[in-house]
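After this come two complexes, each holding chain A, first together with chain B and then together with chain C.
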Partner chain A sequence: MSTTVTFGQEIANLLQEAGGTPVSACMQCGTCSGTCPVGDFMDVRPQRLIHMIDAGLKDKVMATRAFWYCASCYQCTVRCPRGIDIAELMYGLKRYTIWKNQYPADLIGPAFSETFIKTIMRAGRSYEPVLATSYFFTLGLKEMLSEAQNATMLMLKGRLPVLPARIKRLENFKRMIKRIIPIGD
Partner chain B sequence: MTPKKFAYFPGCSLEKMAESYHLSTVEIARVMGMELKELEDWNCCGATAYFHVDELLAHTLCARNLAMAEKEGLDLVAPCSGCYKNMHSCNAHLQKDHDLADHINFALEEDNLHFDGKIKVHHLIEVFCEDLKEVKAKATNPLTGLKVAPYYGCQILRPRKFEHENVEEPRYFEDLMTAIGATPVDFLLRLRCCGGALIITNRQAALSMVRNLLQNAVDSGADVIATACPLCQVNLECYQDQVNTEFGTKFSVPIFYFTQLMGLSMGIPAKRLGIGTEFLSPPPAMLAACRKAAVV
Partner chain C sequence: MVNIKGNEEPRIGVYVCHCGHNIAATVDVEAVSKYAAALPKVVVSREYKYMCSDPGQELIQKDIKEFNLNRIIVASCSPLLHEHTFRTATEAGGLNPFFFHMVNIREHNSWVHTNRAAATEKAKALVHAAVRRVPAHRALETKRVPIHPDVLVVGGGIAGIHAALTMANAGKKVYLVEREPSIGGHMAKFDKTFPTLDCAACILTPKMSQVGNHPNITLWTYSEVAKVDGYVGNYTIQVKRKARYINEDLCTGCQECISHCVFKEPKFPDEFNEKLGKRRPVYIPFAQATPQVVLIDPEVCLNFKRGAKNPDGSPVVGDKCKKTCVEACGDKQAIDFKQTDKVETIQVGTVIVATGFKTFDAKRVPYFGYGKYPNVYTSLEVERLVNASGPTGGEVILRDGKTPKTIAIAHCIGSRDENTNRHCSRVCCMYSLKLAHLLKEHTDAEIYNFYIDMRTPGKAFEEFYQSVATEGVHFVRGKIADVYPEAGNTGKLIVQAEDTLLGRVRKLPVDMVVLSVGLEPQADAQDVRRMFNMSCGSEGFFLERHPKLAPVSTFTDGVFIAGACQAPKDIPDTVAQAGAAAAEAMALIDKGHVEQEPNTAYIIEEECSGCKSCVPLCPYTAISFDEAKKKAVINEALCKGCGTCVASCPSGSIKQNLFEDEEIFAEIEGVLAQV
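== the complex of A and B ==
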């Protein structure tokens, strides 16, 4: 017996994994859109995005940038009268598009996340100067200059690490990660 | 009374970028008779980036830290709101989902660790707010006349850490500021997000969010904004210049960690609290307290 999983169900499964209520519970009240501090910058606000998922408009959802603009502040999550964990849904969508390798190419979010993860996998701790390489060259000249100014100021104030931090039991740590994601060396 | 003891998880930001948060935390814990034992060989909590890519791996990272605290038999305390949220929700999630915990325990074996879900996770501010009487008693150099905008931000409150938690009208930050002699102002946007990592991934949005917060703090008559998260501190302080360039504003609002303000009220010299490493100098009421602290 073959079963076809609809897009709505796929996303619902992502949410089940996060322990949340499925998007089909949404009653389109718009509390999430009204409460979102980044709403003005999104191409599609959360309420509409949820409706699109529910309607199975996969291609449209995949082309949306809104969930990459979510700051994970969870204001929508705590206010949703139906108990949908909307911020987790945004995480779910980010993961889904990364797995499928389908997201607008000019987004900084995915590249930043990937650089971050590689840094942690290598050292167990984060290191700001390496992270900066993932976005520095995407900045305009004006932003680049003020970013460099910020870095200089931080350095003068002794707030930039010179050497990357590293955990001690790094070998154990790497083997631990391999038991979750079987990656090569 | 037996002294309170916690496994302390500083988190990556506190190693350098927010070292003043770490220094001031250690100082006030000492005065408060609280033992913060730094978790040996802790690893990054995954921030927001890990959950973007792989949930299982993100939980594994947090679980390693939780398991190490369990080994010490201590509750875990985190000063960064992001670390706190990640560690708290991982703990709650694994306590409920035994299959997931089994899977992660299989990975933790590689580091001779095991997650049992036996400890609690707290944000640093919580453990001080639990004993306001003691805070008040130790505040021998009260920050009289200092108007503080207590900035909660997001993840310290949201998502809810327990059912029916009051995430819309908290008062503990205000009460803490009152206890150290400062005056908390009515800061309307105190629960509003600072933009977090959007400062990197969507600068336009983040700068506009920072601008709104600064404007509201100024309108509410605050001399300083107090934060309980290194990311909030950096966004609000280090990007103020960019906000001013972008929006033609003239903000100059100093941003301090609540621990630095607490430390000052306890008469600890400014330098030991990392005061002096910020971009924007302390306001007069704080400088007066700094001078007094130097001679206490």
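== the complex of A and C ==
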């Protein structure tokens, strides 16, 4: 038996791991693409992305930004006639590109996700002022100012914490997270 | 016939079959044969490429004579396939056929295992079990039971009509039971039929009237099978004939009552027209209805108390109406408000179940907007809209009164979908093409077919697809993912779908959406299944005995299936299947008797304590209790050999032919011999 795992199999394994139907079951009906609320922003919509995975176009798949636009509304997953968990596939592809460290350099998604996990691991809760720094400096001057203004207003209204919150029994929580995400120590 | 008693020293012949590569690829057939040869009482053991072939069978016959064999074992495929073959060969060799025993080393072994060594060991163990078992075999006799020549056909759609006519023309007496007030089924609702565009009514109604007038057919419409008793050749069937409040023998079909009804205008949703039209409380479903007998709907007729029910569930006659219908009927006196449901009991030998299908309820998938947006239609509704006898006289007028200029046809609604039905409904591609053609003809609208895969594999289907495409009907490859109203109150609907070939999302404003709904089993298919003791596939359609070789038989002898109750299918296939079912039923009837496997249970009367525990357990009601002798009695004709009573008997006084204790224990010892 061959030991080389094709790209399609790798992705299929990712989904299988999540308990889902493999993408090879896809019949290219286009329901996912037709139903996607952010489809207009995607360079490649899910149905074509799935076909690219099946065709083994690894480089092209890794180069798209489509899955970083996924809003996780799960409409595609609910409607897929072949029972493929497409939203989960989008998450799978995000994780895959982060592990392989292959994603377009200007994307804020990977850095944002990383900061989010770090913040969570440190305090057990998200802390927006730190989270915002993951993308804040990619913004133009005008957006930066308006973001800063928004943040100040939110802080004044008490909608944004000034100091980071910390949960009780943080060690237990960390152990739990480590069971889910293989992040090491 | 020699050796019929079987009380002499057993001399066993073992034959191990290769079945080409089917068995030989996974089981070392030679080793199994050699192993068997060394077992006690085995006189001869051979392996052969195809035991079921003529030379294979002749080998058995020759060996019986040459080696004076009196027990035969064949290790090959499933008894379902070849037990009969080898029993016949054993009989031809001069032995009682029940001295033969079959070992399944294909379905139970080579097909389900990959480890050759282990599979070979298993085959040896199975053969050893048989070698231990056969000495206990006794000579048995197959019983013959006569067959009642009459036939029951359940369902009066095109399948039931064709099956009934075929048999009636051959001189059989047929009872045709239909649930609706008229026969005709779904086909009667269609306008044209694909791919030839024959007018459905023109080809169906002559057959309907033949059924109505045939001396050999007893037609009971507005009736349902209520109870089924008995067994192949001798079924006792109860048919409930629902009250239609009209005496069928007196009604001439003049329909004067309808025009004289106190309701001046038709007011109630008309089921035959998919509720797009209206009817009166007294009505006839459609012009060519067979029988030409009206009926009264007690739910809306003013002469009944609205909503009130008698203790037996029948409606209460209020007698408050002027009864202008009764006046109009005059001397015929066909109207009878006091009519009640009747139960008729009939005797038949065989049954053909042709109960058809129902269309998928499009409301189950809310994002297609059916039931929410008035201009979303199901395909069956459109059949009525384009039909000259339909609610609009064949003009395509939408619920908002407009004629559509752009129409989207959405394929695969409720088919090929894990969330609804997994199966392809097989007819929708073709009927969608037909509706596209008819709608184009009627309205000259722009028509867009949204499909996943076009499936046109029948005779002249692809040609039809091509001709519809050249008429200017558009095809978009992509399933409709959303239907919503266009912004700005234009009255149009947007259908949104990914055009997978263009790689673009299409948001198309249309006036009308046609949902090509799939076919599903009838809502009460499970009740019908239980009544006739049939099986169902995973989708709920009735299961045929063998998908290739017994496509109209069921696992219940004497019960056959035809048409869309077995699986979605078009009219040509349905008619072909109905003819096949009729032929199978007649083959059984004309033989005059059925042979029954002697694997029946029997009671050792001296040992029966009369506890009656077996009586209610028998699923075939084959056991009764003899009050005089205080013993249980098994009706051999009814016994199917399931063994339930044998296992339940506390005193061990019920035994079963072919499954005697000695046989089973010997078999177990054989399987475990090497352990």
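In the analysis below, the second predicted complex is superposed on the first by the 168 of 185 C-alpha atoms of A that agree within 3 Å, B and C clash if a C-alpha of one lies under 4 Å from a C-alpha of the other, contacts with A are read in each partner's own complex, and residues count from 1 in each chain.
Throughout what follows, a residue touches a chain if its C-beta (ideal position, glycine included) is under 8 Å from a C-beta of that chain, and two chains touch if they have at least 3 such contacts.
A quick note: this is a predicted structure, and the numbers were derived from the prediction, not measured.
Within the superposed three-chain model, A:Q47 lies in touch with chain C and out of touch with chain B [touch as defined at top]. By the touch criterion defined above, A:P81 lies against chain C but remains apart from chain B after alignment on the C-alpha atoms of chain A. Within the superposed three-chain model, A:F112 lies in touch with chain B and out of touch with chain C [touch as defined at top].
When the two structures are aligned on the shared chain, A:V5 is found in touch with neither chain B nor chain C. When both complexes are overlaid on chain A, the residue A:Y69 reaches chain B alone and has no touch with chain C. When the two complexes are overlaid on their common chain A, residue A:L141 makes contact with neither chain B nor chain C. Of the two partner chains placed around the shared chain by superposition, chain C is the only one that A:M27 touches, whereas chain B remains out of contact. Of the two partners chain B and chain C, more chain A residues are in touch with B.
Residue overlap on chain A between its contacts with chain B in one complex and with chain C in the other: 40, 78. Those residues of chain A that touch chain B in the complex are listed here as 17-19, 37-38, 40-41, 68-69, 71-75, 77-78, 85, 87, 91, 94-95, 98, 107-110, 112-114, 116-117, 120, 124-128, 131, 135, 139, 142-143, 146, 149-150, 153-154, 157-161, 165, 167-169, 172-173, 175-181. Residue ranges of chain C in contact with chain A, taken from their complex: 367, 412, 416-419, 452-453, 477-482, 496-500, 503, 505.
Residue ranges of chain B in contact with chain A, taken from their complex: 12-13, 15-19, 41-44, 46-57, 60-61, 64, 93, 96-97, 104, 106-112, 154-155, 157-160, 167-168, 191-193, 195-198, 200-206, 208-209, 238-239, 241-242, 245, 277-279.
Residues of chain A touching chain C in their complex: 27-35, 39-40, 45, 47-48, 78-83.
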